[in-house]
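Please find the structures below.
There are two complexes below, and they share subunit A, which is joined by subunit B in the first and by subunit C in the second.
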Partner chain A sequence: MTKKEVRNFLIAMALFVLAALLPIADSGYWLSIGVTIATYMVLSTSWALFSGPTHYISLATGAFYGIGMFIVGGGIDLLPYWMLVVIAGCAGAILAALIGLATLRLSGVYFVIFTLGLAEFVRQIVTWIQTTMGSSSGLYVLTDLNDTIIYWELLVLGALVYLIGWWINRSRLGFALRIIGNDEVVAVHCGINTAYSKVILFIFSGTVATIVGALLAPRLSYIESNIAFSPMLSFIVVITALLGGAQKLWGPIVGVIPFMLVWDFLTATFPNQTTLMLGICFLLVVYLIPNGFAGLIEKYLPLRHQER
Partner chain B sequence: MNALSALSVQNTTKRFGGLVAVNQMSFELRTHEVLGLIGPNGSGKTTMLNVISGALKANSGFVSLFGKVISDQPANLIARSGIARTFQLVRTLNSMNALENVEAGGVFGHRRLWKNSLRSQAIEMLDKVGMAGSMNNPISSLTYIDQKRIELARALMSNPRLLLLDEWLAGLNPSELQIGIDVINNLKSEGHTIIIVEHVMDAIRSLCDRCVVMNTGKKIAEGKPEEVLEDEGVIQAYLGSEHA
Partner chain C sequence: MEILLGGILLGGTYALIAMGLQLQYGVSRIMNLANGEVLVAGSFCAFWLFMGAQVNPILAIIVIAPAAYILNWFIYTYFLRPLVKRSKTQGHLEVDSILSTFGISFIFIGLMHAIFGGEYFNYEYLEIPYEIFGQAYGVNRIIAFICAVIFALSLYVWLSKTRSGLKLRAVSVNPESAKLVGIDVDKTSAMAFSLGGAVTAAGGSLISMFDTFDASIGVVFTMKALIIVILGGVKEIKGTIVAAFVLGLAETAVATLIDPGLTLAAAFLLFILVLLFRPQGLFGRESP
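Moving on to the complex of A and B:
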């Protein structure tokens, strides 16, 4: 077991170093898509840490992401950039805690609807604040952070998410979430504080999404609420996580890479039908590979007998 | 009879809309005692257990465990203070194997184990219910009686001060029934305090020190099994329900 863990850790390290070399190999198209893939890798993996075991589908990723962008956009003339990233993380955590406490007692369907509405609600508020404060509809974020730096930042954040995710899965918290996902009544009667466990994980994924938004703000230069709060983002996170398999820590990344490559091609070829494309992708994933690539791999690779 | 009262239920009422499922129930349970909670279908036995375990909140009355009121607490805290249960319709954790199902009961409740002590305790409990051979099997591959045993082992993992068994012997064939009765008898001789909800009269006679009989939410009799089962009102209640 520990031998296997060491091996997996070394493989992960090698992949991380390999991924970090991408900007040296290419600084054009491939780096650009590398940033996109790294973005969704972080978002989907942290999303799946919460939604995988609990089966609560959150569509609030876009709201957190957008808030992170606007915190950077609004504060870039006042505070150093790194401080804004920290503030974004804290704001994301507080917002997630409030939403979690208010909604995680709801059953699944209400939760989905609520999180979907939330993104729109936050977008309206941000737009309203901007118009009443009389500025233009967007914000300029001018820094000297280029794609290479942003890509590395995302990789480091991704590595952190993996480490924390690995730790959670081995901890009592991770075990509690698996029990909750199986049967919440049993979980409660085993002594688990289900609301607490779910809120902790929701806070984690919300914080990460907000930080990702803050990290990507310099890339856009000009931040507008329609782009920052795109509901498309929340859906892509769900699709990629389901495509890869939300039950495994490494599932989402297996979904993100092929999906983003195909998605990039599709949106370039059919720029006016992206929503339709998204819908079709969603249906295909749910019908054809309900357990994701991770499920397929586990099913068809002859299982090496693991202990446990 | 001065033995310490393990559980005390006082004037507890639970309504579902207009239906009074549990009506002013009161009874006591001493430590090391095995109490049979019996009554015809729909008389409120499961609801009574749900109120005790915190799955449902009573509308009035209170429940206390070793002198401490628990009925104002959420179910997870009640579990932590030492009440464990099984469910009338078996509830297992289907994405996990048998061993993990049992381990689930020993991490967050009255006893909080982890790592090696959790593993060894879980294996011991599996052994106690006669399932040590199937510990790595997925739950879906187990038969109904085996799933019930897993559920019992999960409840025992917390080393409960009070165990609630809701028709744990239902649906077993005669030879399985005898095994099941033996398992509970062992628990009894280990000194466990147990409430058994059961329809199987042989099991009630051989296992219970005392019985509380419910009908339409009310307590209609209480006493030694052989006495209450002879009671006119109790016979009426069971017959009445059969003719209903």
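Moving on to the complex of A and C:
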């Protein structure tokens, strides 16, 4: 490791410890918004790991998240909680692998359309299974996990995502993905198995999203398909990641924190206009800050470039 | 028989909507994910005109389609053209246009939600049962089907037989070469995009005659139109029409045989099969 990397690592550690101290400082409003921010931090970062270099817009986050919730909801009476989280992760990985193999061989548009409908598709299937089996539409998840523990769980998961993301960026896989993102034809000619690289990353991102859903299930305590498969979730993940800048590992987190604070304020003030505001946010990001905050920072801090 | 007729009736309207999207994606190369919202806006206009002034939804299209044309022209000129200019490759344009049209679609939903509220809407127009082969169908459904077929056919004839239709097809095949033979690609793209929007809104007005709708249902129609376009093959108008009927039949079959709640799931299954076995679409040619 170079000196710079050690420094960055220490900064990250310090931030992590600082973030972990939040529940001690406050257990009311700030902890609750902390959980939300941590959730989206993990989701956006894992989203950006896949979509940042490849430019494939995935809207499947909501579907994975909902599946994670439902696995916990369905099995909480049968199996211990930690085992369900593991099962959720495996289920997410398998589903992501299937989706990836079916759609990632093709152009990006097919993938977007597919993932756009995926959450609704899974929701319809889940609802149908529930009605045919005659069970009620909601599931109860009653555990003694409180917000503080969920927050720490999410932080640890986030740290893992960062470590793996950092490792991927340095590995052959990360290099291959960057080439694919720049020019897929070139990548194929270099002998890169493009489909394989994309599928691996998509599996990682899907697994993380499913685990997040499983971790958050105890927080909701009552799980219904309309809430678990909310389409808004996928879009907020996309917008926060793009706002921060999907090209950099630390980009999404720069987007998540301000966005969630503003978003929380806006949704509380205008509860009926959330969709309208989400639309305006999308347009603002696409037209005004196409490379996100990370892009802006890189642009206006040219000193960092000279350091290298 | 019931499934067959129901599917055909549904397929007619789908064909019209999908042709709208086909024009936008095939010619202007914009993957317009706000397509369904334009459709729902058309439905709301028809509803509003019918409830307010008792205007027949078919006559209302005379107002709705030009309005949608102008609206879509504005969207293309002020939101999408900068993206077309900015992007270097087709892939880049796709990502940008997808994100931007998502934004536009949310704004549409938000506005419609603010104006009309979040309830489901429908109105009664020509709800007279009419028997075909011993099974009753609403006259409104049949009229909607006939109108959709007339529109779709005239669009098809216009595209394949006239000079301005030829222009559109030339841009669709290759915008660079179209420029060389003196076609204003920019203007033609804007026109195709607006026309696609107008066709979609007309479809929305027809759908509102027999279906309930609410402010946020647009995405379902976007999905269906997209699936049809891909099923039929991008840039294949004939394929689009056939695929629309395939989807109409598949949905009706699933709704009658298994569960009405699974229609989108049926469409999706069809989509997966196409992606796995024939990604260029039923009628699409192998891309070079």
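One rule holds for everything that comes next: the second predicted complex is superposed on the first by the 303 of 308 C-alpha atoms of A that agree within 3 Å, B and C clash if a C-alpha of one lies under 4 Å from a C-alpha of the other, contacts with A are read in each partner's own complex, and residues count from 1 in each chain.
One rule holds for everything that comes next: a contact is a pair of C-beta atoms (placed from the backbone, for glycine too) under 8 Å apart; a residue touches a chain by one contact, two chains touch by 3 or more.
Every value quoted in this text rests on a predicted model; they were computed, and no experiment measured them.
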{"item": "Between subunit B and subunit C, more extensive residue contact with subunit A", "value": "C"}
{"item": "First (subunit B), second (subunit C), both or neither touched by A:L242", "value": "second"}
{"item": "Touching partner for A:R178 - first (subunit B), second (subunit C), both, neither", "value": "first"}
{"item": "First, second, both or neither for A:P258, with subunit B first and subunit C second", "value": "neither"}
{"item": "Contacts of A:G295 with subunit B and subunit C, given as first, second, both or neither", "value": "neither"}
{"item": "First, second, both or neither for A:V286, with subunit B first and subunit C second", "value": "second"}
{"item": "Partner chain in contact with A:H189 - subunit B first, subunit C second, else both or neither", "value": "first"}
{"item": "Intersection of the subunit A residues that touch subunit B with those that touch subunit C", "value": "none"}
{"item": "Contact set on subunit B toward subunit A in their complex", "value": "53-55, 74-77, 79-80, 84-85, 87, 91-97, 103-105, 107-110, 114, 136, 154, 158"}
{"item": "Subunit A residues touching subunit C - in the complex, by the definition given at the top", "value": "55, 57, 102-103, 105-110, 112-114, 116-118, 120-121, 124-125, 127-128, 131-132, 184, 231, 235, 238, 242, 272-283, 285-287, 290"}
{"item": "Interface residues, subunit C side, partner subunit A - complex", "value": "31, 33, 79, 82-83, 91-92, 94-96, 98-100, 102-111, 113-114, 216, 219-220, 223, 226-227, 230, 259, 261-262, 264-265, 267-268, 271-272, 275-276, 279"}
{"item": "Residues of subunit A touching subunit B in the complex", "value": "172, 175-176, 178-179, 181-183, 185-186, 188-194, 308"}
